[in-house]
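Below are two complexes that have subunit A in common, paired first with subunit B and then with subunit C.
Moving on, here comes the complex of A and B:
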């Protein structure tokens, strides 16, 4: 943590795009971070410009960036709100960091992510052309399962099967996309697997245990073998009625090193505070220090960024 | 938090909350530190470590493994959830040399078909551990039972666990169980049925929880032919996986008692009386019930109604009313 303020340095690099038409405001391309010092009433705007006009701080929300850290699984979870802005953030973040990214985009089309990515400063088309981004567009390629003949199983082969058995073809696709190749292409940094989203697989008929096995294998390969990172989005129904989703969510939570949970405000929709973000650090096999294990922030999504502030410290109410 | 996990309620159970006070002297502290682990490792059989997302149990599992290894026991680990190098992280090399790691993490379902996977998949790996024939005390750590429970039928798993923890009794060597099975179980993943089944197999259950900044373990021991004992220890685990037992948080910040054993008097705020005063009791006793045929009632019925309120029915027949009793519906065509 920064010595000057308690909340400043946590999320400076979350340059995030709103996931929909949340607001027509067009603010500067930066993070606005409101923090209230101990004296209480004044407010500091700390702006981190993406173009390097101010300092860049290492962001604690991105684990596994140090060379000696093995790969990590980051779980994005949303309850009663839309957490896909985090997916857009991580996608643009890792592309800008020169990592090789395999993106399993099951929810939206390529052009959707491309448009959003352009607002955040990355071009998915360019990244895909130069081989940095391997993009599986679920909506389009699901048609290929039925209308094109493939010699080897299609990654979405489970759509054809009566009992959606396992996701091994999908895992093979990921492994093939991210395995290190020698000397044929510019060296990318650590490989990253990004999935949007895993709850959709449950809706498509895959069992929770099969999805857990898929993530298990991705973790074993991408995190442990390739020393990369895995980021996955899961929805939380919240009311406990969807048992399969709860098993999936809890099972993934136990495997994760970092859990980012976005929630809507319990009091309902608000124009100035769109939700709150809970950050939980876990070390599944190391005793976790009790301090700094979890943090809660509230956020507001704007056109080209997301501003974070401590609870109750929204600029609208101060 | 994630998955709706709140701070798990600490049920102090029948044994009461045992809060440790510092003794102040170095031997006393060492005794206190090792007491919790010693009491956990004193008996064999199956020990369940039930953890949750917020209070993870793998570090306690590793602390128990370290203690067993330091006592000179053989330790076998069936690792399903973390890689071998992540599991061995934090142990010194002499402890690592004592651990035998069976890797079910890298390729549990044989997807890679390279032949490196453990034969027989999860069930094969588990039954292989049951067939161990080395003499001497051994600790078997299953990391985790939840993974096995998701991939094997509950009955198969329970049968294998029973076989695993009762190995030596079949050899007939001694009545003391020399096998200890430590199973890590993630509570939120399973329904009450499998949890109950595993719980009934276990000799010791450790339920992990805590309050802000302080982890606790609620330990339930079931010994044959003895009463179950409970105790709650507050602890923290150091980076080298030794255990540091602490006194609990101050009483004011103790978590609220289990809602099932609420101390609120349910008799307050009732909208009805549960007790009668003396006058009300007398009035109640002297009340004659309407269906009781007492002598007064008999007299009242026999006497014609003099000044008594009897009911009369006044009937004004309409013009088309037919009071012919023999043909009330007036439809007989006679």
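Moving on, here comes the complex of A and C:
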């Protein structure tokens, strides 16, 4: 059972604190936790913390989960909306928590993540130079693989293969990046593997089973052996049209400890509420006699942070 | 505050430029010279390429799509380094127009143009580009066309459809003589001198594919492999990616690929249920994205997505493209005779806008858009079918 979080400053904070800025949008009454949905857990688990007169707001959405909680798989899922802000959050969070991060950035270029990271308060270039961040830039590497013939195995070697390849070279890359090196570098905290995103691997010709195997190997190594965490983003097509994607998503959902699922609003497009976030805590290894805990928030993405509020409590509506 | 970001040695960027001084109020202020070898970009330089402008939001370099109304819907223009995917309408009547506007905009601005097609010779495509509307003649064109039913009511308060007062007015005509975005006369051809003065490259598939093929990497269709190599060659040779220190390219490469994914390219992804090479198109788009992100280029692709019912493929293709616009024409559908739609030729759907270097994107609030091809102009308007219904 996860310990109810004592107020730990290391606890991850999903809402990036923006001192004195536009937090007036989160009005005082925006979340009433006396009616906390579904669970009846105590209010300290999910709390708004206000510091004196300053208008900072922070929302701890991972109660009791410290950066060094070993061996968790977090699944980020977006259905008909863009959940990439979660990837940026986790990247900046783990870098600030002094963890060693291996980031498989397949979707966008390095400078994109860097610029957004700077808005969130971390510099990826500095982290990379220090050795804290191992960054695999998928776009650049894919061009190397495609236009030049390599003899030695390359992490993205499956792009060259005619049949559905396997992801073993990629796994070797991850293992090499995150394995603990003695005596040489400053002690980073737990290693973290961050993948953006796994559905792209399906588009590039890798089978769903191969991707599941890859995640399994990564979990066995990163979570169990290195005592680290794995965070991965998967898209959800929602209609059941993409069978391979559904296999991947279902398989990962059963293995994850935490599922963050972003969806668009069922009523359509809204300028002030960009979507809904469902948080589901799971215990995959234990029989679930009790129901898994879940919470639902709605969110609005701003330039440098994301603000969360309870359903129907958007400041624009109140 | 933002230091001069060196963006990693040789790492790709979507071409954010040295922002103008007036935009220093956000921390994403990046003072970055053009990525040209790096030898002479010691200090910050303002990069001004013809036909581009920085985005208001984050200083991203934008180019015009050739349709100012579409630029407005996409948040100011198309970001350099991205792909604009046009989902073709059913009978391919209107998507070639958007394709040609894009290329014509490139010719007018002096950009290098690369046209790839499997069914038409690129030289012929370039001959058929529309002529630009010049300043003095365009006012006459618009005066004839302004029978706009909104203008008599725009000053007086609307009584019935009062909600429409709140909607932004789409620009139907040129508002200022800016050099970003031009208007084109669809009934006239572009002057031959302009084409001859411009730099263009053509890729016509039947010509290129006849040569013998070596052992090729990956499972891509031979046509796609050839096209990727062609594009990469042009980018490298002409210095669009800044890797060649001798070639200091300060120009944009506009790439236009027509009907990608159609059987003419040798790809049967839209025709068969479980084809063998079902990842050819998606791999192509991924590698193309890699090429674009590391160079000063922008690409338009038209794709006949109406050929397939397989939503999974369309979803994957959408995820691999940056901006996605879908055209739905009324030809042959029951909407052609529907009085609600009689003013329009079709609907235009902005399916996706990229979030580049940002957590948010410039989504337009208006989702209900229709287009019509007037005698000479292609316009996009908010679909106000209530008003036309009441008017009869």
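We take it that the second predicted complex is superposed on the first by the 238 of 318 C-alpha atoms of A that agree within 3 Å, B and C clash if a C-alpha of one lies under 4 Å from a C-alpha of the other, contacts with A are read in each partner's own complex, and residues count from 1 in each chain.
We adopt the following convention: contacts are C-beta pairs under 8 Å (C-beta built on N, C-alpha and C of every residue); 3 or more make two chains touch, one makes a residue touch a chain.
For clarity, every value in this text was computed on a predicted model and none was experimentally measured.
Asker: Specify the outcome, clash or fit, for subunit B and subunit C once both structures are aligned onto subunit A.
Answerer: When both complexes are placed onto subunit A, subunit B and subunit C end up side by side without any clash.
Asker: Using the superposition on chain A described above, determine whether A:249 touches subunit B (first), subunit C (second), both, or neither.
Answerer: In the superposition, A:249 contacts subunit B only.
Asker: Name the contact category of A:306: first (subunit B only), second (subunit C only), both, or neither.
Answerer: second
Asker: With the two complexes overlaid on chain A, check the angle at subunit A between subunit B and subunit C, Cα centres, nearest 10°.
Answerer: Roughly 100 degrees separate the directions to subunit B and subunit C.
Asker: A:216 in the overlay: touching subunit B, subunit C, both, or neither? Say first, second, both or neither.
Answerer: So A:216 only meets subunit B here.
Asker: Does the superposition put A:171 against subunit B (first), subunit C (second), both, or neither?
Answerer: first
Asker: Among the partners subunit B and subunit C, which is in contact with a greater number of residues of subunit A?
Answerer: After superposing on chain A, more of subunit A is contacted by C.
Asker: Quick check: superposed on A, how many Å separate the nearest Cα atoms of subunit B and subunit C?
Answerer: Least C-alpha distance: 15 Å.
Asker: So subunit A touches subunit B in one structure and subunit C in the other; where do those two contact lists coincide?
Answerer: none
Asker: Give every residue of subunit B touching subunit A within the complex, in rising order.
Answerer: Residue list for subunit B touching subunit A: 1-4, 53-54, 56, 58-59, 62, 81-83, 85-87, 89-90, 105-109, 111, 146, 150-151, 186, 188-189, 213-214, 236-239, 241.
Asker: If you look only at subunit C, which of its residues touch subunit A in the complex?
Answerer: Touch list, subunit C to subunit A: 2, 5-8, 11-14, 16, 26-28, 30, 58, 217-219, 228-229, 232, 279, 282-283, 286-287, 289-291, 293-294, 310-312, 315-316, 319-320, 355-360, 363, 365, 367.
Asker: Can you tell me which positions in subunit A touch subunit C when the two form their complex?
Answerer: 82, 84-85, 88, 108-112, 114-116, 118-119, 125, 128, 137-140, 142-143, 145-147, 149, 159-163, 199-200, 202-205, 235, 237, 239, 241-245, 269, 271, 301-304, 306
Asker: With touch defined as at the start, can you tell me which subunit A residues reach subunit B in the complex?
Answerer: These residues of subunit A touch subunit B: 70, 75, 77, 166, 168, 171-172, 209, 212-213, 216-217, 220, 224, 236, 238, 240, 246-247, 249-251, 253-255, 259, 261, 278, 280, 282-288, 290-291, 294.
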